[in-house]
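Common to both upcoming complexes is subunit A, partnered first by subunit B, then by subunit C.
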Partner chain A sequence: MTIVETRAKRGDASDGTLGGRLSRIDGPAKITGAADYALERQPDGMVHAVLVDSTIASGRVLSIDAEAAEAAPGVLLVMTPDNALPIKSATDWLGTPPPDVPYEPLARTITFSGQHVAAVIAETFEQATSAAALVKVTYEDTAAIASFDDPRAGDGMAIDQMTVEWGDAEAALASAPVRISQEYKTPREYNVPIEPHGLIAHWQGDTLTVWEPSQWIDGMARTYAEWFDIPFENVRLRSPYIGGGFGSKALPLEHGAIAINAARMLGRPVKLAVTRPQTFTAYGGRPATRQTIALGATREGKLLSIVHRGANETSITGIAVEPLGSVTSIMYATPNFSSRQNIVPVNTVKPGALRAPGENPSAFGIECAIDELAYEVGIDPLEIRLLNYAEEDPHAKKPWSTRRLREAYAAGAEAIGWSNRDPRPRSMRVGNQLIGYGVAAGTYPVRRTPGEALVRILSDGTVEVASSSIDMGQGTYTILAQTAAEAIGVPVETVRVKLGDSALPRAPVAGGSQLANLMTGAVHKAALAARDELIGLAINDPNSPFRALQANTLVIENGQIASPRDTGSAVAIAEVMRRTGRDKIETLRNTLPEKLRNDKDHFRNFTTISTMLSPTDGDYSLHSWCVHFVEVRVDVDFGTVRVARMVSALDSGRLYNPKLAESQWKGGIIMGIGQALLEEGIVDSRHGRVINNNLGDYLVPTNADIPDLEVISVGIPDTHASVLGGKAVGELAIVGVAPAIANAVYHATGVRVRDLPITLEKLI
Partner chain B sequence: MTNEITIHLDINGKTHSLSVEPRVTLLDALRDHLALTGTKKGCDQGQCGACTVHVNGERVLSCLTLAAQAEGQKITTIEGLSDHGAELHPVQAAFLEHDAFQCGYCTPGQIMSAVACIREGHTGSDDEIREYMSGNLCRCGAYPHIIEAVREAAKVMS
Partner chain C sequence: MRDFSYLRAASVEEAINAAALPATMLLAGGTTLLDLAKCGVADPERVVDISHLTGLDTIRVDGEGAFIGALAKMSRVAVDAAIQQQFPAVSEALWQAASAQIRNMASIGGNLLQRTRCAYFRDPATFPACNKRSPGSGCSALEGVTRNHAVLGGSDACIATYPGDLAVALTAFDAVVHLGERSVAIDDFFLLPGSTPNREHAMQPGEMITAITIPTSVAARHSTFIKVRDRQSYEFAAASAAVGIAFEADGKTISDIRVALGGVATKPWRARGVEDALRGRAFEPEAVKQASRLAIEGAIDHGANHYKIELAPRVVERAILKTGAMA
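Let's turn to the complex of A and B:
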């Protein structure tokens, strides 16, 4: 458990209240090196595990010769499927009960290159690394399907749950005066958190402590308990700081099982840190996708039909669905619509979640297609978006709770100077640089899971907030301190926030951009309950200075309780606590609905996603919205693309801390620039292997790739979306960036690139 | 058996003696042997910049430096940038003020790089700062705020 205390803030006093621009309270620890990330613990007797991964993409392990490795200095164990202690299968994150078969994290059958086949555990990291190279694995090699571009991959299987249809899309398309149809593709993309995955596992009897960066403490702790057949309460998962996750640190992975099992077998704490190259195969990023989008429209550009067919890669043994129709079905009004999706098994690690899974590639397709339609009918790309504006959710047929997209278009267009744009492609140029302006919209749904929080008012008048939720840079520590400070009426500096420990009150996954809303809601509820109890104490206790006053007449401001009718009566909270002899007031509250307030559903709520509400559960359709305006410069000779300027206008509802929300938005935009121009897992079709599995070859944006970014908040509080009025922040801003850049590149060059990334050879 | 050597490292003004294998990197010596975990391991192959420290005042990737190579050199890590308990270094203060980080994992490397970037005189323009800060990757995407922070800190330090 990590405790973060607020420090002296800058700016004015309003910074500490919800909505204030308080600097992040975990900041001082991070800038001085004091922040203790999970893998930096050093329990006594700790040893090191290094993975041995398959060098073939398909086949089976015939033999593992561990003799040389076992004889190497410092080696304690070479773990293989034959000597590993058995592990049970676990419930999955949806809550599906496990099959009654053992779970084997070390593979005998190989379905992708980089699959873990053995692990070497030694006294030191260097010894384990060196000995791992001595393990000789022989394989029976069978033909691999390297990617879904391989004709043998076929069309895959239909995922019927993804089918969305209304009207008669095919017929309406056939009879439409204007028709366009194109294919849009995105490659394998990787999360690339700068802190690689890993864990330290430490058994003490039948209790297990795991230090591991985690986006979901309680979900992962449940899996570990089930794998190793111990009660949930016997697992202590600690994740004080998380060095980036972007979707990749929410679920337990094979290497976790291997390290915990090794610790159990050796009776010593085991540290396993995934190497950077292994981060490309120890878990999957965004799968490669392809979409065909056909638009039918009037000659004026009004949509008559959308026919959408999508497919994404999945692994041979797992089902990963990247919902490619998620934006297609809600961004524009159309009387006829059809979207279907397949998944195509190939020899790859099972793809995972990467920032806005579904919405991100979905927006790339539809936001490029609508741009193409604008040119086809000869109207402005901004105008065609307003012409086809969806006044309600066209799929769910429900009103939007809030949709400030018109305001976003207007604010962004004004800021970028859209009216200065010459609409003709390849018409704007300065010297050797072709200039292009592009626009694209994005959206991300508001997901909702109930939360839980503990608030404690201590005898000295300070406040503690505790939750097993996590902060991987979104600002959880900070906004929860602001929430408690405002609800109780104390200075934010007096609030301490404890997160990242399964011993604390439960929290659901920090994913789907839901955590800020659900946790501020839970803390707000618990803090108000604590405040009520404090007020009650002040009124009812015979030793209180406020004895016999009405509860609703007391106010708490700046840590002082006062009766407004007698302003001279103010008494510090600590003084009330002292006079009434209390050492603390403690309130634990959750936001579960009545029907889920039982032990079984409480556990299910926080350890699976089965209670998460969809954005259209209820009377409204709940989404965040954004629009990106981009100016690109393309070198006329070399085809190099630079993003010169970018303005984004975003509707995330109310922002609990605009300083931190803007950082998250910009981070999403920058990841989107990488997706548009740089990022691509390059598959070697001969060996079924991603060959650029390092940060020198898998290119993520550097500082020099990014211009100044302007972000404009156009949101208003949306209390249909959440108790305190916020909508989704973290995953919103990446959505729509890549199509905005692709559209700008088309405007600059007249070349339409429909497969990401937009690299120079596609332009010259 | 393991062949260990004894080395003496001058880190943040203090001499540390340690017995390590010759193949131990400066990064692993700091993190695993000396509990100086402020210096981060992001790639262990010189590509991300998270392990940046100063050796004799110059920025160096500690994952590509053997601990033994650093013997006799003056090493500064994030823990030694400001005196313990004293005011933050101007670069640290500017990072906090401009929210030049999110997850914080690349941050010590960014800050060590930024201090050197300013010392090298590479803060003449935002573009120059961008170029000379591009050896440090930040996946959270704090780059525009890092530029603001370095620009401001350079002013304070001049």
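Let's turn to the complex of A and C:
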């Protein structure tokens, strides 16, 4: 397990109580290189696996000639579907039981370029890499459909569960005085975390230890147990730090099965790390999307109807739905609404989750469309948003728990100086630079899964918090220390947080922006229980220094126990523990509802997402909200777009640590700038292959591309959303960035770019 | 392991002798060689390490010009005060090239020899056809995604763009590449692909870049480098221009002008048509605009790279206007 010790300064801005701006307590370990990432382990006897990937996008493997590779120095095994030990299929992440067929992570039938067809395991990484190039794969090549722009891809299949309709949207659109209709497109976008995916798999008898960066330790450990037909308890998955995931490290992948199987076959620890090009094919990013949005409105700009039709790419064999109507259906009040969605199978790796799947492209569509409507009817883009403000959830017809979007509009507009903007397109200019201001809103739902946590008060008065949840940079170590410190009444630097180990109390997926809320809730509950037990001990134990007080209760502050009436009598926790002879107080608590408090549902709660509540389960509709204001400069001759200023006002409810929440917001905003201006998986239509599969050619922003980012929190505690009042943070801030920039580019240039990224050739 | 022999050369002479053997590559900063080895393009049998050789990293500027040793690091040349004063376009080109980390490692000689970023060139496993890698195998780019490919200097065999920035500035100011005893004018050093895109420069086996010299000129002293790119750092040029101008005593008539383009051609591209149109003329914005269009004379696009034909003259025009205002 990984223990991160808190080093807090007291009495300054790094205050360690909940809501304080404590710096990340894992920061020093990361800065000094002391942080031990999973793939840096070097167990004795470890060997290396390298994948052989398909070079065609569609067809089948006719034969694999492994002779030369097997004869190469150091090679221990060339794994193919024909010699791999069988693996069982596993329950999926939704909890759907598996089909009774073997699971084959090495493909015989090829449905995308880059699919794993074999693996070479050798004593060294270099030997395995070299031998992998010697494996000769013969294919039968069939015609591939490279993308949904290929006419042969067709319209795909309708996903009826995505249909949302009220009123009569088509009729209301047809009779609306003002109508606009446009198509909006986003390309394939990739997670490209700096730490690649990979694992070290180590069997000892029928127990399996896996070192692997993971956003969901218990879900992945459960899958590994099912694949290899061993009890869940026999899998130890360890993930001390995660070097970026953005949604891509939550689910077990083919390469994991391959490495674990190789370790089983060879009886040695096997390390497999995907290469940088494989971060584009070993798992999918955000699928390419297209949406047609038709708005019907009064001449004053009041919405009468929204008709939305979306489609995203999926793989030939998998169903990946990027919910394109998720923001469309809740952002604005409209009496008539229709949203439907198709998925279009093409020869690609199955798309996956990338920061705010659904909400992100959905907001690009509706937030550009509403901007277009504002210009169509001749009112301010900010005005039209307030004119059509949704006072309740227009889809669920429930009140918002909190929706501080009006406050966000006001705060952001004030900070950017929105009123200084000349509303006419292409009207503001300095030298060669056209200046444009844009605005767009975003939202992300509050998802809820019950949590669990262990809290220990030790004999020396220090506190431990333990959970199999993870910290991928978002601040879990830090806010859980703050939560426990505040609940018990100890200095935050006396709290140690242990995360990233499946042997610890269970945790659901660190995804859907739910982890902070559910884990602070569980730690708070366990810590209060530990505190109560400590006070009970101090009151009742015959050896307690407080025994003589005959007190009903005691207070704990700064690690000292005292009578509420006589704080001069304060005694350190360690002294009470010593006097009473206790070596620890240990409380394990979960936040499961009564009906789920049985072994089966407890297990299901943490290893599938089947118990996750939707944002509208209950009496309220729970969402975080944000608005981005941006000023762009567009070179009048070159078409290059630079973000000059950006102000974002966000409602994530209560912030457990504003410094870390702001950092997460800014990270999302930076990713959004990249999405707007740079990121695009470029597909060669003949080969069905993403050809810019490296960080030199797949462009993400550099520091030079990012201005100072101003973020303003407008949230208030929302106890409908979570026990301690927080709402979603991590995935919120990317939502709405791309449309804000696209809208600013229109204001600067008079050119509407409806397909991302906004590259220079679209503006010259 | 893909085995190769490694020789740490004791002298330039030893390096040159070793480099004459087939399938041999020199290792200096390593930023290109290691990259290409990882993606399966470079597969040398012998690597000759010259990175530690002394006396090859001199940077000297005198009345004659600049002398830059082949092993001088990009970052050191970029910050050299005399280079900045006498050859600002050279310094600016280096500042805008690559990333800070690469500039600290990469040598000037290696920088000239960097290979194209053509995605098809860099992925031999998926795209076996590449005339630059395997002469006669075909070109995967011609019918492929061409957004970053050349509109000038291409052939039926290859349209790969020369990726560098420094060489563009050097081409504008008639730099000379020194190969030990032999020296070659930079415009002759880089070759057009023609039917032999595997031959990118005029070096013979056993030759090694030892230095680059740039003759002093008024135009070089009054020069600039403009690079237009999708991202503001660590990105190759969509189009770039190095421009230097000298005026007659009247301060208006252009006596000397140098224009070279990057990011749009198969080699660093001297735009002599633009120079000829403006030399002897009065510096005047409309004339500059007209002349700048000559920069893309003979350009051929392949669809996605069409924008370069629009963009390149605008970059040239901006660079000339900026330089003229400074001179």
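FYI, the second predicted complex is superposed on the first by the 753 of 764 C-alpha atoms of A that agree within 3 Å, B and C clash if a C-alpha of one lies under 4 Å from a C-alpha of the other, contacts with A are read in each partner's own complex, and residues count from 1 in each chain.
Following the convention adopted for this analysis, a contact is a pair of C-beta atoms (placed from the backbone, for glycine too) under 8 Å apart; a residue touches a chain by one contact, two chains touch by 3 or more.
If you're wondering where the values come from, they're calculated on a predicted model, not measured in any experiment.
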Which of subunit B and subunit C A:580 touches, first, second, both or neither:
neither
Counting only touches as set out at the top, which of subunit B and subunit C does A:23 meet: first, second, both, neither?
first
Can A:686 be said to touch subunit B (first), subunit C (second), both, or neither?
second
Touching partner for A:126 - first (subunit B), second (subunit C), both, neither:
both
Which of subunit B and subunit C A:659 touches, first, second, both or neither
first
More subunit A residues in contact - subunit B or subunit C
B
Classify the contacts of A:640 with the two partner chains as first (subunit B alone), second (subunit C alone), both, or neither.
second
Touch test for A:109: subunit B only (first), subunit C only (second), both, or neither?
neither
With the two structures laid over each other on chain A, which partner does A:34 touch: subunit B (first), subunit C (second), both, or neither?
first
Taking the superposition on A as described, I'd like to know which of subunit B and subunit C A:558 touches: first, second, both or neither.
neither
Check subunit A for residues that touch subunit B in one structure and subunit C in the other, and list them.
73-74, 124, 126-127, 696, 701-705
Can you list the subunit A residues touching subunit B in their complex?
10, 23-24, 26-37, 40, 42, 73-74, 124-127, 191-196, 241-246, 273, 275-276, 472-475, 659-660, 662-664, 666-671, 694-696, 700-706, 708-709
Subunit C-facing residues of subunit A, complex:
55, 73-74, 113, 124, 126-127, 130, 133, 432, 635, 637-640, 642, 677-678, 682-684, 686-687, 689, 691-692, 696-697, 699, 701-705, 759-761, 764
Which subunit C residues qualify as touching subunit A in the complex?
1-2, 40, 117, 119-120, 123, 125-127, 143-145, 147, 228-235, 238, 306-307, 310-311, 314-315, 317-318
Residues of subunit B defined as touching subunit A within the complex
1-2, 21, 23-24, 28, 31-32, 35-45, 47-48, 50, 77-79, 81-82, 88, 92, 95-97, 99, 101-108, 111, 126-127, 129-131, 133-147
